[in-house]
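Here chain A shows up in two complexes: once beside chain B, once beside chain C.
Let's look at the complex of A and B:
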């Protein structure tokens, strides 16, 4: 008996060891390196010099484009996560209802999720291209338009397209998280509510929403992290041009590090991003968990 | 049985090590940029008469082992700086810039490894572009010259002449815009981080301005440069250029030109080959890059380089330098180099290749004359990389969003030169 207990003490750690090792080598160690680099002088050629205090952070934060990049990041995360959560929730409700062809509809929703982001972003770039884009071609050939339209007349519209594409590719993830939550709800709750005379909106507010909240929490926290870190859409469509006006923090620090060869400020910004994400995700989880406990 | 196998394996490994020690070839890590579809094949595949550079070099120089890597242009700076950060720079590097490596004391002076006869073979004007503090730090591997290409059919249809000045350029663009009602763009302008600095050079040099003054000091906010950037913005804002200059790279513009949707484009001497490989069939011709009234036009040249990194840990420096020299000697040997340059239709950097190239293709001579008048970026100045990014992102792209040009150039000049 005693022996079994002793064995059980270290056994779980043994089974966890491979993944802990992998995480240590590929996640924790690189994060440590980035923290160290962010306080080091890095020359343009890539030579790592000595400790230089906060100067990388100061250079990064006082750059004239820093404010607009942070604002863009905020708009990007809030709009993509917010709108795709709303749309994903609606789509999940629709797909949860009984109708013919539901299976096909569900698989169609997966498509944008199944293709890699670079492929999707390149496709959209092609679709909205003015000279030979699919959108213009279709509208011209069907006679809806008589002249090609420039769908990307300014960087503000460019950024709006990027947010739109971000929403388009994020909706399926939310849909499936919520759908999983919806399917686990016992139908008898709804029957009871119907007997008590509750309408659609009342059932939605007092039954569905509280019961899928755990799924929504998971999808929102994960989405905040994914969307904040999302790189391919913006990099493929505008590369942050013109003058970093369409950059978010992640694309901006990539351009700083690898296009402008200023790795010091870039590593400082990646530490800033890491901290912001930890705070956002942590705060969101604490708030929702408290609410759940209170209920 | 297992023991015997293990013993045998150990024996084989020991023999292998012994063999390696016996030959003791000098190993050189070489990074080459991927210039086009044929680069990799030429260096590593079968693009050199059925063989490749590495195999032929090794056969001729058994005492040197090449670890040669062909890296795409979009990755090469990343690759090199990561290797430097990890304390493992290449021995030989082919890339466009050199001053950032020189500034960190990473490079060997060219005279340390380059054989004298080869040194004398390089065009002296090219060598001057890689001098810092009186020392040459890199040798040119090839060059290309830029010109204005125009679509003959469009020019005939509209009934216009090739523009020589900015005013004529604007008139021609207006005529094209009127004739095609906006379906064909007049001129292609690349203001992306790829080549926005070349677009600046076309107009600044065509207005007697430029990156530096006569003494070689930064002169970014000269009146001539302000006019040049304003001219670029005027072309864009008048609807004469491609619609998204900050995201459309030269390659996209070349495709538009090939498809007949762009009447004029600035491009290197490789454009005909590019269009042919892509299957475009249009009639085009070249002209000088337009300049401002009263200014002298000048051609824009782009040059890449080969440089050798220090390796203080190498046991025998003289032997290592000799091995690097052998690599260069083999690369610039006319028997190899002529094939390399003409494969991607570049312009040569050594005298010994000119005769054979002109003989093979008489049209080369015209380009060689252009090359003689070319101006190059001030790449030897250590601030060049900052200037390059600043011109594109902080000047051109900001001007594109509606900001006034002069304060932008003033700010960049202050940032770079402090005045």
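Let's look at the complex of A and C:
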């Protein structure tokens, strides 16, 4: 029996009430507002007019930059999540090994996860600057370069830098997820495998990988959602310039709504983004609930 | 105690490798494409007398070098100009270039600063050799060997490793002297590296012919480390491996271990790099932070007044706002979250599963896609541009995580104590407060800190919701130093430092607990 006595049937709901109220007003209600606005006419000054069907959606989708923004979003999510999962897995394997200074190394790996994204994005913006950037300065001062390099020659490279910074800040999360999985593995499996003569790669492929797969799944699904929503990196470094060519959906949406004052298409895009998120979240919920049932 | 044939072989190989490495040092290890002679001939017409005279002088120099058995190449740069009469005249610059290969001994002999690195390297190598020979050829395996032999051989292997590091360091140091210390001086940017350095560079590259022009000549000099020098690394690596083998350790395992440490060191360096840059730039002057030719790793004079300046420019206010905002959000999130988590963990009721599903689902709803809705809602509630508005939003969006983590903590604690308390006449409220909360303190603290950090780091909603300067949280406030046209990096980083340090420390405290919390559900800031 993992329960305590409930005196009235309605008592549990009373316990949930504050939380429900808070989330109802500040999470669910804005969803409703966004949906309603996406079907309404909104003037530049923000006055809400009447129902105007799908015209907001049509305006948003037919905008010339829509295609490139969606493509950017796809590249952003796939590259950041994919590469940081791979790197995070490797780092977790390393940090799971016994060595001197492991505690220090683990604390250092936390840094990019803990520090604010705006701050980290600004740091990198400073580092890759050509005129006074720290990277050029360091490489020149150590004699590795003999001449300053322009690290940001084009917007494509800019976007690649943004992906790189996204990976930099995402790796620790994967690392700690996998590390949690690795530490729950019974060491006797490894002993048995060693007795059977399995080498490092065999153990990795047939033992470690299947056993940490649940943690990897959780971290991957969550990362897809968090990376999709990531805003400060791109906003700080390029602001989508030039002409929305380095924007992802969320930064584009922000620009439309708050700097170009085109709230109609922006809300339509919010709904699009929200639906994409819901699909991912649904997948995650199914995975988690299944795990919950298994316990 | 046994003497093995293999040991004798290994030791002789070590001696041979050491000799080989000294031999490499005697090869031309560093190459300079040096301009040894420059002749400018201004206001000339191609092929006229002046040109011929300059040409003859250049040819003399070349012949002189050829007599000494040195191969040179002449380059001719022509810059055309139109003079006041309207005629086109040329400025012709002749350069006599030669490639100079300098051996390691040249570096040491001429007293070039990086020659000292080579001296250390030789010393380390000699030490390694001395130790290896001193340990003799007797075995030092764990079973049969003597501990002191093993220790001595290990020390020798470390010395060989040090040699490798110095090998790389030599190249970097040489480049730094030529390109940065002398190059920037010649360009008029940095102070003189000193007469001694210039004289030794002159002696090394121009055999004393550069004189006072050495710095200017060096500006045109390209230099690179010859391939032969890099042969040092495999040679020294083999030497270290043999010494490890002699000491009785497993070479493959030691190598794998070395790679592990190398990986960790490189990884930590990459992660710390931007943070070190932030830290050091925060103490620099504005001019130093914008100077690519800044020659030092750390600030020359530590400008603590940067901090008093930014605190005076509103950062203190922003920090207080952030503190208020994060504490408020954390309290609210926990006040609402603890009862909900308690009900989910301990009670069975209709809709429990649905609520749990909703909680997991809402963990995904980032406020970013809902920005328009949130800003409108806050306007309707008259909470726009206020800190309480942000408190509600942050608490609501952290609710899912708080409930999830707290529920996990509560479930892991056996309910027997509470049941006993209930039998003693406590109701469920006092059972929660008196029994469960004290018992689950670590989990609650973890949740508390995590929600605090999330609220502290929140940026996107605040930029939209807060318009007036006095209500900015630190994340938004610090961007005022990064205005589009002018960025005051030293102030930006000083305030970033203040915003980051407390959070990173808090995060390191809960890292361990958070990892165990992650297994029961996923979370991220």
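One rule holds for everything that comes next: the second predicted complex is superposed on the first by the 269 of 295 C-alpha atoms of A that agree within 3 Å, B and C clash if a C-alpha of one lies under 4 Å from a C-alpha of the other, contacts with A are read in each partner's own complex, and residues count from 1 in each chain.
What we mean here is this: contacts are C-beta pairs under 8 Å (C-beta built on N, C-alpha and C of every residue); 3 or more make two chains touch, one makes a residue touch a chain.
Predicted, not measured: the structure shown is a model, and the values here were computed from it.
Visitor: May I ask you to decide whether A:222 touches chain B, chain C, both, or neither, giving the answer as first, second, both or neither?
Guide: In the superposition, A:222 touches chain C alone.
Visitor: Counting touched residues of chain A, say whether chain B or chain C comes out ahead.
Guide: C
Visitor: Based on the superposed arrangement, let me know which partner A:150 touches: chain B (first), chain C (second), both, or neither?
Guide: In the superposition, A:150 touches chain B alone.
Visitor: Which partner does A:243 contact after superposing on A: first (chain B), second (chain C), both, neither?
Guide: In the superposition, A:243 touches chain B alone.
Visitor: Which partner does A:259 contact after superposing on A: first (chain B), second (chain C), both, neither?
Guide: first
Visitor: Please work out whether A:45 is in contact with chain B alone, chain C alone, both, or neither, and reply first, second, both or neither.
Guide: Once the two structures are laid over each other on A, A:45 reaches chain B alone.
Visitor: Could you tell me if A:120 is touching chain B, chain C, both of them or neither one (first, second, both, neither)?
Guide: Second partner only.
Visitor: Could you list which residues of chain A make contact with chain B in one structure and with chain C in the other?
Guide: Correct list for chain A: 131-132, 148, 258, 263.
Visitor: Along chain A, where are the residues that touch chain B in the complex?
Guide: That would be residues 42-48, 130-132, 147-148, 150, 152-153, 155, 158, 237-239, 241-245, 255, 258-261, 263 of chain A.
Visitor: Going by the contact rule set out above, which residues of chain C touch chain A in the complex?
Guide: Against chain A, chain C makes touches at 171-176, 178-180, 222, 257, 260-261, 263-264, 267-268, 271-275, 277-278, 281, 289-295, 297, 332, 335-337, 339-340, 342-349, 352-353, 355-357, 360-366, 368-374, 376-377, 392-393, 395-397, 399-400, 403, 411, 415, 418-419, 422, 427-428, 431, 453, 456-457, 459-460, 464, 475, 478-479, 482, 489, 492-493, 496, 499-500, 503-504, 506-508, 511, 514-516, 518-519, 521-525.
Visitor: Which residues, counting only chain B, touch chain A once they are in their complex?
Guide: Residues in contact with chain A: 77-78, 80-85, 100-101, 103-104, 106, 182-183, 191-193, 243-244, 246-247, 256, 259, 261, 385, 389, 393-394, 397-398, 400-401.
Visitor: Per the contact definition, I'd like the list of chain A residues that touch chain C in the complex.
Guide: 1-7, 9, 11-13, 15-16, 18-23, 25-27, 29-34, 37, 91, 94, 97, 99, 101, 104-120, 122-124, 126-127, 131-134, 136-138, 140-144, 146, 148, 168, 173, 176-177, 179-181, 183-184, 215, 218-219, 221-223, 225-226, 228-229, 231-232, 236, 250, 253-254, 257-258, 263, 266-267, 270, 273-274, 277-278, 280-282, 284-285, 288-289, 292
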